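My questions will all concern the structure given below.
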Amino acid sequence: MRTHPHGGGQENIMDNENSLLRLKTIEGHLKGIIRMVGEDAYCIDVIRQIQAVEAALKKVSGLILDNHLNSCVVTAVKGEDKEERQRVLNEILEIFETASEV
Amino acid sequence: MRTHPHGGGQENIMDNENSLLRLKTIEGHLKGIIRMVGEDAYCIDVIRQIQAVEAALKKVSGLILDNHLNSCVVTAVKGEDKEERQRVLNEILEIFETASEV
Amino acid sequence: MRTHPHGGGQENIMDNENSLLRLKTIEGHLKGIIRMVGEDAYCIDVIRQIQAVEAALKKVSGLILDNHLNSCVVTAVKGEDKEERQRVLNEILEIFETASEV
Amino acid sequence: MRTHPHGGGQENIMDNENSLLRLKTIEGHLKGIIRMVGEDAYCIDVIRQIQAVEAALKKVSGLILDNHLNSCVVTAVKGEDKEERQRVLNEILEIFETASEV
């Protein structure tokens, strides 16, 4: 697993905690949906809950991207390594394109 | 909780099992993401995994909608209750509009 | 070109007019974007305008789907032709799945 | 209108031409959809064409963002103006969040 190259100062740790907390809330939400399906809940209610989980996941992605832009991206762009810079910018483009699809 | 008004024949039960299985796989995937964030994994890798979970959730919604269209919607549209029919059709429109957003 | 099998009463004609009007407004919006790009406008401003056009297109799709559900879908589901019913329901599922992606 | 601060070298002009060409193709596509609605085409066919236009617009946004990341963003991040850098990074986040919705 690639770990996070950026500094990991206090602010960064707080952002990480915030993302973790949100993801755990989403996990609870998902467990609730699994229970609903197990109890044969009304289809549309299940779909609505799934869509709410998707919206919550997008919020987390936004948080993580914000953190990433202000740390790794700044470091890579300011750095001397052109390939690394290109790689980091291409990653942004790639997740933007996937965000447009999911 | 509204439970599912449609018949619940063998085919319907199989679809339900399929959705449940997929949701449990997604739960495992989400747990993996929580672990990644806890271990300070690289931001972009986390976002990619979150986007994969979103795509998997959309697949489940599609499955559930397919089932719903072929059971509840058919029943409601064939039925005599105009308000019920309207309600069921409006629900389809509503989840389509939310699907366009999330 | 397949034309529209549903009745085409007054309400339907009004909905059609509404969709046409919105699409023509979107065409004007798109022409404005083409002008912006021709004048080398700031990238992010162009992307924002493109995203606004996408949102407006989704609104039109919603309008057309609403109309479709309350006419063609009702006719097909109430009808005797099982294949036709299946076809119409599959179309709904298909555009839902595409809506989740675009 | 804000014009484009980046250099405008040969490569950039080519990218701009590419975006323009694609947008004009999309305009033609949209005109075709307007014609379809005017001729009362089948709803689902119209929705499919609208979804195709949305997908094409997303492609253009991706092209423009690619260009933007490799010009304006690099310039702003390497520059001394912290506010400008923040502004440029926030814009990326903002269009990512909108892309997740439309």
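Chains: A, B, C and D, in written order; residue numbering restarts at 1 for each.
What we mean here is this: contacts are C-beta pairs under 8 Å (C-beta built on N, C-alpha and C of every residue); 3 or more make two chains touch, one makes a residue touch a chain.
None of these values were measured; they are calculated from a predicted model.
Visitor: With touch defined as above, tell me whether chain A and chain D contact each other through largely the same residue numbers, more than half shared, or through different ones.
Guide: Chain A vs chain D: same; shared/all numbers exceeds half.
Visitor: Report, in degrees rounded to the nearest 5, the angle of the rotation taking chain B onto chain C when the C-alpha atoms are fitted.
Guide: In degrees, rounded to 5: 180.
Visitor: Between chain A and chain D, tell me the centre distance in angstrom, where each centre is the average of that chain's C-alpha atoms.
Guide: Centre separation, chain A to chain D: 23 Å.
Visitor: Quick check: how many Å separate the C-alpha centres of chain A and chain C?
Guide: Inter-chain centre distance comes to 31 Å.
Visitor: Nearest whole angstrom, what separates the Cα centre of chain A from the Cα centre of chain B?
Guide: Roughly 20 Å separates the two chain centres.
Visitor: Multi-chain contacts in chain C: which residues touch at least two other chains?
Guide: 58, 61, 65, 95, 99-102
Visitor: Please give the residue numbers of chain C that touch chain A in the complex, ascending.
Guide: Going through chain C, the ones touching chain A are 100-102.
Visitor: Which of the residues in chain A end up touching chain B in this complex?
Guide: Going through chain A, the ones touching chain B are 1-5, 8, 16, 19-20, 23-24, 26-27, 30-31, 33-34, 36-48, 50-51, 53-55, 57-58, 60-61, 64-65, 67-68, 72, 91, 95, 98-99, 101-102.
Visitor: Which stretch or stretches of chain B touch chain C in the complex?
Guide: 58, 61-62, 65-66, 69-70, 73-74, 77-78, 85, 89, 92-93, 95-97, 99-101
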